[in-house]
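Here chain A shows up in two complexes: once beside chain B, once beside chain C.
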Partner chain A sequence: MRGVEVRLENISKRYGNTVALKDVSLNVPRGSLFTVLGPSGCGKSTLLGIVAGFIEPDEGHVFFDGADVTGLPPQKRNVGMVFQDLALFPHMSVFENIAFGLRVRGEPEQAIREKVKSVMELVRLDFQEYAGRMPHQLSGGQQQRVALARALAIEPRVLLLDEPLSHVDYSVKILLLEELKRIQREAKVTTLYVTHDQSEAMYLADYLAVMNYGTLEQVGRPEEIYDSPVSEFVARFFGDINIFPGEVAGLGGASKIGVRLERTMLSKTEPRVGNGIVGYMSGRIVEKIFQGPHVLLKLETDYGSAKALLPRAESSHYNVGDRVFILVPRTGLIVFRQRGSGRY
Partner chain B sequence: MKRGVRAYFVPAVVFLAVFFYLPFAILLLYSITVPEGGFTLTNYIDIFISRFYLQVMGYSILIAVLTTFFTLVVAYPVAYYIVFKAPQSVKPVIITLMIAPFWIDFLLRAYSIKVLIEPLGMREGFTTLVYGMVYDFFPFMLLPLYAGMSSVPPSLLLSARVYGAGGFHILTRVLIPLTSSSVLAGSLLVFLMSFTEFVIPALLGGVEGYTIGYAVYDLFFKYRDIYRGSALSIILSLGALLGAIMLSRRVKIVQKMLSE
Partner chain C sequence: MCRRCSPSNLIWHVYILAVLVFLYAPIAVLILFSFNESKYMTHLTGFTLEWYTRLVENVRILKALENSVSIAIVSAVISTLLGMLAAYSVRRAPYLSLKLDTLMVPPIVIPEVAEAVSLMMFFYMVGAEYGWLTVFIGHTAFNISYAYVTIKGQIHSISPNIEKIAQSLGAGSFAVFRRIVIPLLTPALTASLLVTFITSFSDFVKTVFTTGPGFETLPLYVWRVAVRGRATPELNALATLMILVSLVISIYYTRRIITKLGESYQKQG
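Moving on, here comes the complex of A and B:
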């Protein structure tokens, strides 16, 4: 199995007056796991449909390994896709579901059988036990595996996943994310994974694109995007953040500063600026939320509400109603200007 | 069943008892009676050994099969278009237009076709009567197909396409198997109605319009033989019942598959 490099060039798509995609260009490196993250209705599913070929872009081109496939119908693109509702054929057994793409290609029976066996092994579904079952006899997680096996059986050039885990319980989700990552590495197939869930994106992505209103806000490695978001939207959608109005010397004009929750520090005594602290404000703790290893503190300040994420041991010094100082550290400080931003 | 639940069925049961079950029981009674009094099965035996009635039955089955086939062939693509292709805003309009003829009385529709035969260069006879039946029973095929296809998630067709299936494979491997219960439901409905139909063959069939429905009519109203007429009616009803039972079992299987 071998993935291709997927390149999108200036893709635009409108539905009537609604702009679904506006001049989107994207490069998905061969064999990588690329996650597109965005709120519902941001155009990410349209993007997948265009790569799969069942949605035609109004403008722009799709390239697989440099070859223009824009006009090619889906059945000629050789892509594997897992739909949000999985779209398993309810009238076919697990075997027939996985074999579907091979059957319509007219592969010989023996080859089909071997291929189905090998992809079932890859997704860790026991052939003896599950090949003959019907989809409705499987658990949600098993259905996911079948959908994935069906997508992989045709040895796709690109694997497309459209929010495949949105209907799965949290514990199963974690397990399936691990499995998906393993399978993607083993199959070495270029994968485009669309989701609105930042934790899935964080867990999976080699590369990440954050989408909003039909445009790509930012593309990069997850750490880059987390540490240096280009906009408030990206900062808030990919991880949580405190944003305060502020002025940064040397930059001129009004801007905003952002601090990730885990970098936001608290103090009961008035701190001194300098020594890694660029500023502080006073506030009051209004809520304390237990989150396992961490405790989330919600605060009210003169500049609006803020949050801090403290290790559990440290949080025991703080109680609801306490007046505290909120410290803005130099490390990890994010500055938002009218356009663009950067680490300070 | 709780008492509260039972109450919902009272009007329906009373209505059916008075207007269907009671007459049906009388029919059943007549069918096993001889004019002189006393019970017998000869009314049934007479029908089954009569070459004439078997031929008429065979002819009616032929008409019903053709009618069912053509309504299916015409309605299936229409249902597909409405469910999967038509813009959301246009759907109700198309459905309304498709079943609009139904707002007009059945008999009037049959007469209107009779008026149209000559300008269209057709004659009364076999072809015209099948055409009339297809025209009349089309909505009975369309509506179950529409309902059945609406329950097929569009993503199934999309994924079939993505996995390499062209139109033919999508139809034969995905769409038809998944809509088979509505195909059966619509077909059985149209088959039974066209098999026992009396008015359309009488109006449009000319000399080729003698069907089993016509034969029942003749037995009752021409020959005044309510005993054999009842027996023939019972045979038709039992046939219909048998078909309905077989169908409902089949439908259950497909429903179970779809409802995961």
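Moving on, here comes the complex of A and C:
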């Protein structure tokens, strides 16, 4: 299979007075798994629809490997899609579902059969057992695999996934995410994965774009975005963070400082500033939530509520009602200014 | 006192019995006398199939049957096709939905006589020759509405993403329609064909107003003969056959189509 490089240039789309996308530019490298993360209504599905060709942008262009496909209808773009509701053809067997794209292309029967066999192998669905079944005779996870196989059978230039796992149970979701990653690597197909679930995005993405109100807030590798979010929105939507009002010497003006939960330290004795600690505040533990390997502590401080994520062993020193000091460390400190941010 | 023989229960049973008797007794009597040897409907004398064999020999009845069936079939096919296209266009252009509903529903609720008179006048004004074509147009005019309403419901139960996926896999509009939409609509299309066939086959009012000299359908024949006081056992036999046709279709409709429609709503809903 051959993946292409997908490039979006200054895409804008309005529905009446509502702006769905505002001047969005994006570069999806060939063969990568690119995740678009954002809350519902942020325009991420519109973006996907524009790449697929179902939606025509008001402004801007879409390029596949440098060729402008903006005016091309969906049936000529050679794009594989999986929707949240999967949309399997209910009147066709698994075989016919997967073969559909090849049939409309008029491929010979023998080639169709071989191709269906090979993609079913790729998504690990046993041909003998499942090819003849109807969609409603399959489990949710198997239906997901059929939907993916159907999209991959046409050897798409781009694979577009629109929240395909948001209706799946957590345990199945983990399994399918692993599978999806493996399949994407094996097929080497450029993949655009749209989701509102940060755990999916974190698990999958080679590259990540965080979207809000029709614009891309930040684009980068997941670690970069996690460590250096450009805005409070990004910091909160990709991971969780404590944000305190603060002034940073040398930057001037009001700003806010952020600390990821796992970097937020607690102490029972009053600490000294310096030695890696840039500041502290006092607070009280109001809730202790067990989360497997970690324990989440919720705190009330003079500057609002805060959270700390401690390893289980360490958390045993702290109980609900305890007065503690919350330490702001130098490493991992994130500063938010009016616009943009940087690591301190 | 046991629950089953309480007074309210008794009244309930009597009521149901009365409903059934009033509904079906006349039909039962009619069927019974269609096999009666005697020419008169006063007493049963013996079993015969004579009235049925006479039907087959009656050229006028055969001609009326041919008219009825040909109009019903052509009208069912054409109105189902047009109804399907109308219903599908609403899916493609949702803003048309209310406008089309407003246009399509009245023929079902307007009194048939009013509709029939207006059609008759219309045909007179354009100088049409009354006969097969005018009756066919009359029937199709309301059958489109029945078809539209029947099919629209099921079109809505198909996820729009199904069509999008088919398109992304390389299917053009026509291929999507032929390979996806039509197969998924089969239960609704069958239902529409049956409903419109029966509506046309059994229609009387509109036919009376739109027919011309020398052209008659089965209901018209029955009425013309009966109104002259010649309610012969032959008519009983004819009516029995017409009831049989309707029953077979309605049983098929309820057993097969309704269950299928229900299933597909559940599956896709």
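What we mean here is this: the second predicted complex is superposed on the first by the 344 of 344 C-alpha atoms of A that agree within 3 Å, B and C clash if a C-alpha of one lies under 4 Å from a C-alpha of the other, contacts with A are read in each partner's own complex, and residues count from 1 in each chain.
Assume contacts are C-beta pairs under 8 Å (C-beta built on N, C-alpha and C of every residue); 3 or more make two chains touch, one makes a residue touch a chain.
For clarity, every value in this text was computed on a predicted model and none was experimentally measured.
The superposed arrangement places chain B and chain C in clashing positions on chain A. Of the two partner chains placed by the overlay, neither chain B nor chain C lies in contact with A:Leu261.
Using the contact criterion defined above for the overlaid structures, shared-chain residue A:Leu296 touches neither chain B nor chain C, since it reaches no partner. In the superposition on chain A, contact of A:Met202 is made with neither chain B nor chain C. Once the two complexes are overlaid on the shared chain, A:Leu175 sits clear of chain B and of chain C alike. Once the two complexes are overlaid on the shared chain, A:Val19 sits clear of chain B and of chain C alike. When the two structures are aligned on the shared chain, A:Pro90 is found in touch with chain B and with chain C. Shared interface residues of chain A, touching chain B in one complex and chain C in the other, are 52-54, 73-75, 77-81, 83, 85, 87, 89-91, 100-101, 104-105, 136, 150, 154. Residues of chain C that touch chain A in their complex: 159, 161-162, 164-172, 175, 179-180, 183-184, 264, 267-268. For chain B in complex with chain A, the residues that touch the partner chain are 153, 155-156, 158-166, 169, 173-174, 177-178, 254, 256-260. Across the interface of their complex, chain C is touched by residues 52-54, 73-81, 83, 85, 87, 89-91, 100-101, 104-105, 136, 150-151, 154, 160 of chain A.
On the side of chain A, the complex with chain B involves touching residues 52-54, 73-75, 77-81, 83-85, 87, 89-91, 100-101, 103-105, 134-136, 150, 154.
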